[in-house]
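Before I ask anything, let me first share the structure, which is written out below as structure tokens.
Chain IDs A, B, C and D follow the sequence of writing; residue 1 opens each chain.
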Amino acid sequence: MSGSNVPQPLIEARNLTMRFGGVTAIANVDLSVAEGELRCLIGPNGAGKSTFFKMLTGQVMPSEGEILFRGTRINGFEPHDIARLGIGIKTQVPNVFDGLTVRENLWIAASRRNRGKATERAVARELERLELGSIADRLVGQLAHGQRQWIELGLVLLTEPALILLDEPAAGMTEDETVRTAKLIGIIKQSCALIVVEHDMKFIRMIASRITVFDRGRILVEGEADAVLSDQRVRDVYLGKRAA
Amino acid sequence: MAYATIVGIEVVYAIATLILVSLGLAIIFGMMRVINLAHGEFLVMGGYAATIAVHHGVNVWIAILIVPPIAVGLIGLVVERAVIRFLYGRMVETMLASWGLSLLIVGLLTTIFGSSTEGVPMPLSGFTIGAYQASGYNVFVIAFSLLTLGAVYVLLRFTRLGLLARGTMQNAAMAAALGVDTTKVYAVTFALGAALAGLAGGVLAPVAGIVPTSGGSYIGQAFITVLGGGAAALTGVTSAALLFGSVGQAATFATNPVFGSVALLLAAVVLIRILPNGITGRYFKGWL
Amino acid sequence: MKLSRRSLMKSGAAAALTAALPMPFVKSVAAADEIVMASLYDLSGAFQEVGKQMNDTLTLAVEDINASGGLIGKKIKVVTYDLQSNLQVSAQYAQQAALRDKVAVVHGGISSASREVMRPILDKYKTLYFYDTPYEGGVCDRNTFCVSTTPSQTVAKLISHACKTWGKKGYILAADYNYGQITSDWVKKFAHDEGGEILGTEFFPFDVTNFGSTLAKIQAAAPDWVVTVLVGGTPLAFYRQFAAAGLNKKIHVCSTTFGSGNEQAVLTSSESDGIVVCYNYMETIDNAQNADFLKRFHKRFGDNYPPLSELPMSSYQGVQMWAAAVRKAGSADRMKVIQALEGGISLEMPSGKFAMDGITHHCTMDVHLAEYKDKVPKIIETFAQQPPSDTAAVCNLTKNPNDNQQYVIKVN
Amino acid sequence: MKIAGIRLDLIVPGVCGLALLFGLPIFLDLFSLLQVTLYAIMAILALSLAFIWGYGGILCLGHSAFFGLGAYAYAIAVINIGESTAPFLIAILVPTLAAAAVGYFMFYGRISDVYVGVMTLTLALILFNVVNSTSGAQYHIGKAPIGGYNGLPNVPGLNVPFDPDNSLDPGDMYYLCMGLLIVVYFGLRWLLTTRFGRVAVAIRENEKRVEFIGYDSRLHKLATFTIGGGLAGLAGCLFVNWGAYVSPTTFSMMQSAQVIIWVLVGGVGTLFGPMIGAVALSWLTVEVGSQQLIDANLLFGAILLVFVLLVPRGIMPVLIDRVWGRISLPRRPVFTAPPVAAREGKR
């Protein structure tokens, strides 16, 4: 548990294991993230990152081990209970309300914590922050991929979580959009902790932080960005393949 | 003892008819994820095909075993081309469209044949067990259902057509990339399902009276058997039919046919609640 | 493709628009020199076949009356609505006939359920009602006339025959509804009256097709005879499976319904031979009225018409009974016609002498016991002038003209 | 749809509704008024499914279960009690509780959409089978026989609350049914603007995201389903009062199919469309029976097919597009279920 210099971590996984039938997707993972920390998870496809996120958000029940959020054991909690505790997730494929307008999308999220006029104000603030004002009354289903990603991010932010899980936030984005997303993450980081799964090394360097490397369901290395990215084992399992 | 044998035959017969009636629906659902609510009407059309053939002097066995699957298979092909192919991947819409189709067919059959009960003469006589008489035809239906099940298994498991069908249903894009004409495979599979429904209608024609609306009494049971069985067509139908058939018949013997069917439906509700993806969603994974 | 799709969409929308417009006002359809009658049978759905036959015999009766100069100097005009074997629609058409068409009389309703839906509506809006279907008995309503048979008229003879000729042990298979339930109670009573016993009674929903368990139960009970009170598509499957198991060689069958769905036409004669029935009417009745009726009927509706049963004959006789009452009253006015009918009217009809019983609003008539042979009912015995004694036990409209209900007659 | 600051979408139906409510009795004869009463009842039934299917995204293939429960609950209660105030409330309560129980069973069991359809269909089938086979005298609840296939004829109608001698005449029934229709319509409109209503719609769009935001989707679906069940029960209760009978056909597949067709034809994801669908098709049913050319099944089968294939959005959205043009494009109803593969990604 090196690197955890805060007395109580925000979220902590202990001996976390997940098996599907005969396949072990996650094996004995111990991981903890501090309040306000930005952590990157990297690893090749099938390393178990998505499964790990699913367990943190209550979509699947771990086979063994436990997950503690601010000291509360949350395995077995329903996804909405976990969300209410303060964990938000932006999934890899945008999970938004395609049949509703941008404004309505944000309203749904904003009204979780606000009532009446306060909801409208929160929506307006978020539209401004995400620079989506010009398309506020368009149907989300008709928007471009990048815009839908930001709207999803907006949905997550409006619930004011203590921890945000981002699953490949820059995937499929143009260069400009990627830069903008990185900036956004910089802003978000000031108010809450983040765990980011990403393949794009450029992007990771942009938001440079502590990195945990997953490989075949286990943690391979954990450390500061520069150290990890230059680690030979990491290059072997992951970067090597990707570079080739 | 003789009574027990008779009861035994009846229970097995109930299971066998459930398999026979559901098989076509299961192929279409299991392989294509299409819920065909006009399945009952396909059965009824099989029955009418047999009736017409008998009226035209065709040998009874040919009329109930050969004519219906061919006739209904062809109708199935037309239905697939005209309606179903526009709705692949949209389960709810397929369900509604086929429901419309079912009403439409009932209307057409009524317009053509009227609503008087039709039937086909029974080609086999009864036999004696102890002091009891049993229907020879029921025993034939049991044997024939098993035979059909086996034939479909062989077709899907060992023939080129079966391989193509399974491959396409697993991953249509990949199959297309490999040069399989997926449109044709879908059409043929749907026609096969329809033909099996027609066959069931033909085989049951001598037992049950046929009216345009009698599809309704089959669809409920077939629907529940298939969904209770889950994605694996053959294993699913067989296991669900075993479960529901025995529960239903046991209750029928203990009380009356109404509570028999209620027991069957309740068993289905409980099963779906426990195993939301059907029996083969949990057990027998990867079976056909 | 695109074009046709768009135009289809357009026409679909247009159709819905017209449909949504409020209904146009329609005044009463009656002209001064016409008497309007409503024919409300199920011409589609489960009762379609028999409904069409009933509507045809009704049509023949009306055409005959009109051809011979009409009724009290007026022509009869028929408005026909299809009840679609649907109760909600039955209620709507009863309202339409009474309130909009303002008909002089309604003939119709096949199932007891549709009768009990329409009867209160026709009472409420003061429209005379003739119910022309054999039923379980007990309707007691001054506005309603039931002109077909009830169990005391036919079932009594049938069961008495079974007990006397075949043996004392019977078994009942009945459709699971009012008619089946009440009729099987009567069967039990009549069997006991003859010193017989009923070994078992089973009720079936209309769509049961597998009688395997029933056949086993029947064999275990080993009765001398089975009586079927089945309706719908069910009976055919039963007779067939019964014969397939070879049971028709060992156990006799009689029925309160066989033939009215033309079952004998579909069954082979070896499956249907020996089934005994008892009805007010069957085509094999030998009298001058019947011969004449059949000649006219086939001339009008063709020679290939399936054999007529008691139900269509009741429609025919019902119209004739109503027409006779109008003549007697000299008016089609509801109360006058009711009084004329209550005064008693007797007609010679194809089924024999046919007389209105003013006390019960039911009819006294001949019933005929027959056995099927080569798909034809051969008459064994005729019982003249059977009164509706079941309904008479509970209903006296002369004493209680305001009575209005269907009694469930206590059997035993 | 605002023109010069006026909410046309509220005013147009409001004015139409009030005009019909007070205008029709002046112009219509008794027969037509009885028919319009029936159409109003069917429109309430259509609204109940339009709400849970079109907005809640819950496919209920056995909606007749709640309609029938309301009908039977009223009939049995009123025969036993006599005075109709309590029976009216019981008729809404029973289907509401039934919907709540079934909904709890389904949604807290996380049963997927298509299976919800199957479950509800099965429920309606069970009720139909059971009620249909209770014609024996031994089946009764209190003084009321259940009646099996024939059902219960001569059910006493509603009276002025707490005044059993003052029963409603057809004119009163018209005001009651039409009035309730207007209340239900605007009630649902209002509900859809509340947080609960919006979350219910959001669940239809993306259940997972709603959970990630922190709303309990099971609870919302349960509430949506329960409200729809209760409204269907209300329609059933009114239906008994209209026809003075109740029969097992209120539970039938055909009854469920009809409601689905009304909603589909009118437009899934609208409230106004299904009402139009209910009125138009109920009217058509009666017209079909006045002529002997086209079989009713044939006609309705063809309508259902044509709409699924060619006008899947239903009449209302198509009409609105034509009338208001592209400028005020209403939200496209999201009716299309996502492909199977996407659905099965859920746990």
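The rule we apply is simple: a contact is a pair of C-beta atoms (placed from the backbone, for glycine too) under 8 Å apart; a residue touches a chain by one contact, two chains touch by 3 or more.
As the structure is a computational prediction, the values presented were derived from the model and not from experiment.
A centroid comparison over C-alpha atoms places A as the chain most distant from subunit C.
By number of C-beta pairs in contact, B-C leads when B-C and A-D are compared. Each chain gets a centre from the mean of its Cα atoms; for subunit A and subunit C, those two points are 74 Å apart. Subunit B and subunit C have Cα centroids lying 36 Å from one another. The mean-CA centres of subunit A and subunit B are about 48 angstrom from one another, to the nearest whole unit. Each chain gets one centre point, the mean of its Cα atoms, and the points for subunit A and subunit D are 42 Å apart.
Among all residues of subunit B, those that touch two or more other chains are 110, 216, 256, 258, 261.
Residues of subunit C in contact with at least two other chains: 44-45, 176, 203, 205. Pairs of chains in mutual contact: A-D, B-C, B-D, C-D. Within the complex, the subunit D residues that touch subunit C are 24, 28-32, 34-36, 38, 129, 132-133, 135-137, 147-151, 153-154, 239, 242-245, 247, 249, 265, 276-277, 279-281, 283-286, 288-290, 292, 295-297, 306-307, 310-311, 315, 318-319, 322.
Partner subunit D is touched in their complex by these residues of subunit A: 57, 59-60, 78-80, 83-84, 88-89, 91, 95-101, 104, 107-109, 111-112, 139, 152, 155-156, 159.
Residues of subunit C touching subunit D in their complex: 5, 8-9, 12-13, 16, 19-20, 22-23, 25, 43-45, 80-84, 86-89, 91-93, 95-96, 99-100, 111-113, 116-117, 119-121, 176-178, 180-181, 203, 205-206, 405-406, 408.
By the touch criterion stated above, subunit C contacts subunit B in their complex at residues 44-46, 48-49, 176, 202-205, 207-210, 212-217, 219-220, 233-237, 240-241, 243-247, 250, 261-263, 265-268, 271, 306.
Considering their complex, residues 33, 35, 83, 86-87, 89-93, 95-97, 99-108, 110-111, 216, 220, 223-224, 227, 256, 258, 261-262, 265-266, 268-269, 272-273, 276 of subunit B touch subunit D.
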